[in-house]
């Protein structure tokens, strides 16, 4: 069990690293897909089947594809003439290291207080549906409005100036 | 369901209960045309076929449902159950009071439903031909469908409030349709006039409604014993006295009747109806002959218990006791009947003659209601709806065929040019005159005359109505001989109307004759149906010498009128400029009649002059008094503002300027951090996170 | 059974990687990729806490994750739309060069 | 006896599993199931290619393959040998690894979709609680492989084809999901066996398939359209329109990799057909109650083959759409109809059994179809193109 977990984690982290390190943007996007797939597997290993599949459907099926489209539309995949890293990459790296250090320290420091053994979960799709329609119905409605607004907003932002003025 | 056996007196027992299917789907009858109107309203102008199809389809649907409801009522009646089913619901609550609405199915409503949907359907079909060349075809059908829906909801409403709302929508559509050709100033003026005049009656109606609500706490007509027309509420109303010797019931009844006076064009509020003929002819036929103007009569019939309350010896025979309210109704009706008939004699516009004729016939109905009860008045309403809409459609056909000519002196000889129109028009004319035995108009008018003859209070209404019958025969014969006989005096060639117009007329003509069958004294089916009595064929009824004498008299009067008119006008074909025969005989009387007995002029110098004067007074008050006060207040504030400005400039501003300078300087400093680079911000964010974290750890140190 | 700590550490690592990407890359799209990674790390935390929490039957963490995925989808759509729009104006997606909002 | 034949494969798998230690039992059964899927569907693929070529040939008034084997039925074997032995050409500028991975990703993800498909009573690799979602998740992942193929080839026709394909797949995935959601609303479960067992009931001899309800019929049509488009079949075969962009995203593939693409596309078609059959056509349930004695897996494959026949028939009949027509059709007609169908399904559920739900739902759908169809055709650029010749 543990071995599987370490393998999936390794794949995920490797995918994520590749996603931020590779020079070719398209490769970054595909590595991101690998990271997402790994995360979906992690969700599955946590008995969150629904979220895992939603993760694949939304992230690999939509977000990565969107990213890829954006890359092609902005000619980002063509080799850049300067470096791929920002001028202030060192500062960024330092700050990142600090953040990670604190996060890891927090996780490790709270080690004794963490629950060790998991309770048997009961999260069938039906339970999720019921929860969405009862306890979480208001957030659901808000998300619906947000998604509608985001869709319209994205379309208008990305629409051609000419088409808009027509 | 409570069961009433046999012919016990009228409708006192409540026959409501578990609603049948017929009544549960009754609401669809008005709603479907209204929805159709809504859809047609958003159609584009060129979608003519769709608009007409929707309107006609919705009307057919309503007609089928109405037939279903009617069949339900008839079947129950035939098996001894009188139907009065209601569906009530609370519309909204004010405090503890619920304002209830509802609909009702009883014989009265059922008869009206069938009449309105059937006549409406025929007129819709006719309109597709009549309006074929109008560019606002879709708008026309939108209004027409809206009117039909509102009228139907008026008919089925079980609440005075719902009835009033439909009443007003009907008035609105009437306004819109009279002014349909609004580019004609006369049409616009006529629409305005119709709207304003009927509003006078409606205000009184509203007052009556409010009063009724205040007294009984409900506006439902029937509600299992708790409705305003039922025993308990009537009892309350009868104990209240309203002055002038009226009970509250009578006074409220009269106020409601005032609404009916406005809508049904009774004297003295009849002036709008002849002017309303500026609208398209199908509109005149549907709204201003068959349905809307009859709504006043229907309203009186609907609240008849209110009018009748307290009458000595409530009964169903022709000679039941009368009340002040009923007397007022009778006199108004009788006077209107003669008054309008007189005016009609001297008119030359084909539609205007019919309009005055309508006013006159509505007077008959009112008088019939006042003296003979619901059955008599309603029977005339139904028969009149058929033959008068027939006449209007015929007139429309004539106008259509003779190139929009409306002056009867410029027509003539159309008998050969428009044979179908001539035949159906003649049928309508004979029915209206009350030509004996064959035509429905004879039997319904006879019923009214019979009731008037038996009225115990005075014989004067009877005399007036008989005189009215004579005049009716006279002016109709005059019109027909002008239009259809003699030689053609118009321009161009007259032509027969298309099939889509003549077929509805033929159907109406059939009913103008056939409907008489259900209201003869020998088989008083209609009366029995409305009043919940058994109806049997009984030819012995004719044996009564009174009745025979009455029929003889009215036959004589009709023949006299027709003969006189034929003697004066028959086949003469006078030129348009030539003065009328009667004008030569009695110029002053002719002038008076021709000018509609100067009612409009009287209003001009009284009511309108008063309003002009009042408007001037109000204007003066507005300018001098209120305006002065406003100007004074404005001056005061201006002074105050000046003061404030001084304080502001010399005191507040200095400090504010200083503060702004400081802000600007510090803003400039902060802007340095604002590089415009996203990653800087993100970095700062992460840095802030780290700092917060450190603070957290530091503070949570043991 | 893998302890909760392992999941949390993986999430922290993913978060740091995402942050590093967002802070160090030039391309705006890569910045967005980094942000997506951070969001996903948060999702992993949510799910892990749900799984190991005292009341999994309330589905709180799961719901948070689902909503977070929905929000992330919206964020990606709008963010990439903005990037494309910016590219159309400036012919670049280099966040170092896009300094029009400088104060 | 009938029950035994019905369950013969399950019994066989358990029998084989019995030879192994108890701890391995489940794993062995699963492996056998995987072997079954991996062998049956490619065989079906081979059969379908020859049937399609022969069927299309008849539609075009020619014979089709008729030389290899009896009546040409060994043609796929010859084709297989040919594609295995052909030289595998990789373009010089291509991105090697991705070029290699693309067909693999496609075939693997498509195969994974079969895992949740119930091909017969109790014949399903895994019964997941969220099986339908899994299927769609795998379907979404195939888009990635298409992109990889198109982009890595470094050829403008490839990338154009890939962009077309992805745009098309994303556009039609939405109505497809929504039409499946309609079924989910009625069944109340995302599990495919649950969906089938709900349809495995009869009124008299008539089955309770969802296609025989107004909403189900509409959803089925939407699903069929979307599935045709998702599998890039004619008339939605723009990504591979040979008259426009050579062969789309697999222009630069040859030999075995091309065969893999070919296989992947057909497998996707089988998977979508299977899903459509499961959702709307009763899955493995017999069409009449008196035919229940025939094994469930025969029914399933019969229905799948029937829908494949329809696919072939469509291909032989319809001309290809234009790109803008395709997009407009998806977003302005199919998607609104799918959304409306969801509402109608809700109404169906809300009204409860009785004649009213039939009348109301049918009327709404028919009215919407007529109105939207007419408006759509009235819109410029969307209706049939009016050609203007030299004037």
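As written, the chains take the letters A, B, C and D, and residue 1 is the first residue of each chain.
In the analysis below, a contact is a pair of C-beta atoms (placed from the backbone, for glycine too) under 8 Å apart; a residue touches a chain by one contact, two chains touch by 3 or more.
Just so it is clear, the structure is predicted and the values come from calculations on it, not from any experiment.
Shared contact partners of subunit C and subunit D comprise A. Subunit A and subunit C have centres, each the mean of its CA atoms, that are 5 Å apart.
Distance between chain centres (mean CA atoms), subunit B to subunit D: 63 Å.
Centre-to-centre spacing of subunit A and subunit D amounts to 29 Å, using the average Cα coordinate of each chain. One inter-chain figure worth recording: subunit A and subunit B are separated by 68 Å, centre to centre, where each centre is the mean of the chain's CA atoms.
The multi-chain contact residues of subunit D, meaning those touching 2 or more other chains, do not exist; every residue touches at most one other chain. For subunit C, the set of residues touching two or more other chains reads 19, 23, 95-96.
Across the assembly, subunit B contributes 679, 683, 686 as residues in contact with two or more other chains. All chain pairs in contact, by the document's touch criterion: A-B, A-C, A-D, B-C.
Per the touch definition, subunit A reaches subunit C in the complex via residues 1-2, 5, 9, 12-13, 16-17, 19-20, 25, 28-29, 32, 35-36, 39, 42-43, 45-48, 50-51, 54-55, 58-59, 62-63, 66-67, 69-71, 73-74, 76, 80, 82-89, 91-93, 95-97, 99-100, 103-104, 107-108, 111, 114-119, 121-123, 127-128, 131-132, 135-136, 139, 143, 146-147, 150-151, 153-155, 157-158, 161.
By the touch criterion stated above, subunit B contacts subunit A in their complex at residues 679-680, 683, 686-687, 689-690, 693. Those residues of subunit C that touch subunit B in the shared complex are 19, 22-23, 28, 31, 95-96, 98-103. Those residues of subunit D lying in contact with subunit A across their complex are 98, 128-130, 133-134, 136-141, 143-144, 147-148, 151, 159, 163, 166, 170, 173, 188-191.
Across the complex, subunit A is touched by residues 1-10, 12-21, 23-27, 29-30, 32-34, 36-37, 40, 43-44, 47-48, 50-54, 56-59, 62-63, 65-67, 69-78, 80-85, 87-88, 93-96 of subunit C.
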